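Common to both upcoming complexes is subunit A, partnered first by subunit B, then by subunit C.
So, the complex of A and B:
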């Protein structure tokens, strides 16, 4: 095949495909909304707009019992092997493995769904643009639709975009089993034992704490601005207010942190939180880790040799 | 805009990961122990500011502030941005685990450069502070957009369409970012000028 192939389809096919994608997206959004509503009815005072990282740390599953260091190495390694694949089919397989991981870790699917939706805007850009802008190569298959035949959809572009979407979803699905199955301090301790400087681990924990404090602060300031009649418009005035708002957020955060840090030092803080973390390595840790890495390697081999990419 | 997993070729993802690890190690070395809480503050503020939306015509854009982070932290800015991005991807799935290095380079290098620019040119008057602050804020975003385009283009000519769209989407953000940064710097100059000194130890 040296020439590009072309084919024309009725416009209705394209409309149907777009409609189907839109419906799926809306359905996911709706599911998430109802799920988080149900959550909120039970817990009045906690604000769930920022998801906690380690919400399900108390559970019990294969992933919960896995040593944190092994889990980090195995799933990070697996993620990189997944990203190295090229075909949409291997991306689909990786997605199924990700789903399996969520299932095995006995985690609620709603939180993984939230992660997928967070990426949907960025990924939709690829799905929309890539088929139209992929450069036609010999052997490519071009689709046109009656009525808009000046637009040529390159199927190779579509398959590239689908591979990207699949890989992104596969890695995103792994995030919940990786992070939610141990408390964050424990995960950070695992990172430190793997060679991340202790300073950095402390910073992750501190910054994670501050995020919630500052969000609260930002929200309170925004409420105050609203009460005083501030309206967001496209104007210089709005930008000036936002600039001052950001500046005030910095000033308040610095002052508050300074007080907190003084208090921490007064209580004997010397650069680390004394949190006893016990690590024990068993045969199952090695086995589980080897299993994931092997699966990743198999996937990559399947992608490169079987599909011939 | 954060790059998500699976977009970049594996060699670029790994290469930028190694590069950002090296710069982060340098950045950690530049940061004294007692400054860590303050770096954590800016990390958290960087995170929070990405949730602040500024209206722009019919839509709104959210702030990125790589430039401002550089202005506030100097050499420690890269560490703050790397950790902010890590937390963003852990909490919200903005960006991705395997693309973390690329995202950190995209935002962190502009932050370092803008910090340097601000330190060299800020002078003594409020006018000059505001001017250079705005320049750093806008320039940081522009540079980040350019790096994003470069990273996307590493995927080959099929990615050029997406690259152009991403560049276009950053143009309005660049203007908003520059103006907001200028106002923030002007506010800080009047209220707490020691925050702009980039000497974290002395700022307390």
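So, the complex of A and C:
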């Protein structure tokens, strides 16, 4: 096979595919919204809580019982092996394993779906751009659609994009059982025990605590601008105003940082957060870790030797 | 009134807990914040540290906790300078409650936050749990022990921050504006907690009623110096001295001061609301803005407004009151078109489409509770010009409006000042100017006086009274509600519970059970302060009728007799309605007091038997 192959399809096929993808995306969004509404229906006091990474930390599953350090090594290791695969079929398999992990961790699927939807815009760009921009190699299969012949969809590019999307989704799905099944301080403490600098761990914890405070401040300031008639336009004036806005946000964040540090010092902070030492290792921790790493290796072997990538 | 040599009004039977001698401090930009502070604080003292914004209060307490180093002078805590190892120990004994509780709750759960200080005190993690539970239980938050702090309401956060300190059993508790942004219900809980605290209490506050409730001693700072150090009662009893330092809140008591003093229990400190130009929804004027059966739910499904009916007429001034979470802010957002719900929303009789609601900013201006949310430009002039520019006005008109608005809020000449560098009161007035420059038909004010010192509060009130706009005011402050509005909407759980005249609202007892306004101890304390301010001593001749052994030459006997002499008496006076002259109670008052040596004096008075023998 030394030349590319081409095939023309009616335009309606493309339109149908776009419509189908759009409908699926909208359906997922609607499902999420409905689920959220059902959850809060009838409540009169607004739930001011912010989305929490570790909101399901109080559950009971093998992921909850798993020692955080082993869980980190196993799932991060598995994720690296998934990323090393090349075929979309391996990526699909990894995604299924990710879904299985979410199920085994007894986590609500809506949270994972929300995470995937948040990435969907970015990933959709891959699916759109890569088939159009992949340089045709000998043996590539090119699709064209009647009416827009100048656009050639390279199926190798699509396969590459699907592999990236699949791997990204698999890793995103794994993050739920990894981060949501233990409290964040515990997970961060686990990272510290694995050699991540303590200061980095403290920064993660403080960032998680204050990111929502800053977002709320940003929202209030944006409302303050809105009630005085500000509308974002493509103009120098908008750029100037946005510059002022971001500058002021930075000043406020900076001031708050100082105040928080003062408050910490006032309660005897000496550079270390009190770290609860509640780690215990059992045989099951070793076993689970070995299983996940082995699964990752098998997946990689399947990708490299079975599928021949 | 400045008597700096006077000894502080405390019992120094032992060594002072804090001894500050000739303390000076300047910030890196050269601004002198403290200039020769001398202060002794005894264990168990309860001090209100008062003064205008920028007087050096915060700088002083940051020294007391060792957050700022001593540049010049001496700072002794428990007999030793506050440095090195002693400073580290001291920080674990001195608790500071910061103004914004979000600064103080930096851990992932309440448990971790309370635990933080205890572990730094050297306690083992395994042993702290009962103490954490006890501390949270003492502030009524035991049920939220494993909750992250961003799940809490503002009042709960404030209490949680206090629990973090109380768990450490501090010998000294320093509070920075503890009542700021608290609703009356939460404030009541905080006051109760602080009443029970037995250590040294140092409180920075502009709220002198709160300070009067909790503190015995008042230290007045002005431009980095201590100007007065006396009892709280002495401070509040002397309005000229308070006025000199921008602390005079007597204007809040004016409504009561102009009346004859009624009995204590029956007293109300609230002034008469402004003349009723048509109360409740029965007003006759043109309807400026109206909501009909209006509902709003947040994306998470929370029903924030449920069938709200509200008509605002031209020229009206309406207060919206309700506990936190009642839906006040959501209602304002909907009125402004920031949020859009379902139901009727009309402006001057015409129904508004969703798109038209987003243009309401052209007619409706809103001043936020925190002016920082509204100020983002590099200069005051730019800030005030922002709105008119968005309206598309020509440059000359924008300039004219900027001058006019700044003048109206008493900030003429502030054109090139940086908003970030202004005082709290000035920033608040600037925020109002940013809205006034757009000449809105309706002005919405959200807690306009929150965080202001009394002088700033009085000035702002004066400015607000001058504004001709139709107004909506959201406030927990009964004084402000009474001063600025004629009609009140009581909100509860997303519904309008009552819509009546402000006079009826203030007289309504049922709203008190909802804790809508900051009454309670404040009413009682206001009354006491008013009496203190009207108490003075006169010395003049007056008659006494009394019975004691006395001498007439050789004759010694005892019987009721009357004679005249003068000595000072304490009086509580009243003012006539149209006079600054005061008068004392006209009725005869009988009282007990000693007359040392009076028995030995020669008595010359007529006896009944003398009169009968004469007859």
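Here is the rule we use: the second predicted complex is superposed on the first by the 292 of 309 C-alpha atoms of A that agree within 3 Å, B and C clash if a C-alpha of one lies under 4 Å from a C-alpha of the other, contacts with A are read in each partner's own complex, and residues count from 1 in each chain.
Keep in mind that, in the parts below, a contact is a pair of C-beta atoms (placed from the backbone, for glycine too) under 8 Å apart; a residue touches a chain by one contact, two chains touch by 3 or more.
No experiment lies behind these values; they were computed from the predicted model shown.
Residue contacts after overlaying the shared chain place A:263 against subunit C, while subunit B stays out of touching range. Legend: residue contacts after superposition of the two complexes on their common chain; A:123 is shown touching subunit B, with no touch to subunit C.
Looking at the shared chain after the overlay, A:151 reaches neither subunit B nor subunit C. In the superposed pair of complexes, A:251 makes contact with subunit B and with subunit C alike.
Once the two complexes are laid over each other on the shared chain, residue contacts for A:27 go to neither subunit B nor subunit C. Once chain A of one complex is fitted onto chain A of the other, the partner contacts of A:203 are limited to subunit B, with no touch recorded for subunit C. Look at A:171: by the touch rule set out above, it reaches subunit B but stays clear of subunit C. More residues of subunit A lie in touch with B than with the remaining chain of the pair subunit B and subunit C. Of the residues of subunit A, those at positions 50, 206, 208, 210, 213, 244-245, 247-248, 251, 260, 264 touch subunit B in one of the two structures and subunit C in the other. By the touch criterion given at the top, residues 50-51, 53, 76, 79-80, 82-84, 91, 114-116, 118-119, 122-123, 125-126, 129-130, 132-135, 156-157, 160, 163-168, 170-172, 174-175, 179, 197, 199-200, 202-204, 206-208, 210-211, 213-215, 218, 232-234, 236, 238-240, 242-251, 253-254, 257-258, 260-261, 264, 271 of subunit A touch subunit B in their complex.
The touching residues of subunit A, when paired with subunit C in their complex, are 33, 36-50, 52, 183-185, 205-206, 208-210, 212-213, 217, 220-221, 223-231, 237, 241, 244-245, 247-248, 251-252, 256, 259-260, 262-270, 273-274, 276-277. Within the complex formed with subunit A, the subunit C residues making contact are 62, 65, 67, 88, 91-92, 94-96, 98, 100, 102-104, 106-109, 112, 115-117, 119-121, 125, 148-151, 153, 164-165, 168, 298-304, 306, 325, 333, 336, 338, 361-362, 364-366, 368, 370, 372-378, 386-387, 389-391, 420, 434-435, 438, 493-494. Subunit B contributes residues 1-2, 4-8, 10, 13-14, 24, 28, 31, 33, 36-45, 47-49, 51-52, 54-57, 60, 63, 65, 68, 72, 79, 83-84, 86-87, 89-94, 96-98, 157-162, 165-166, 176, 179-188, 191-192, 195, 203-204 to its touches with subunit A in the complex.
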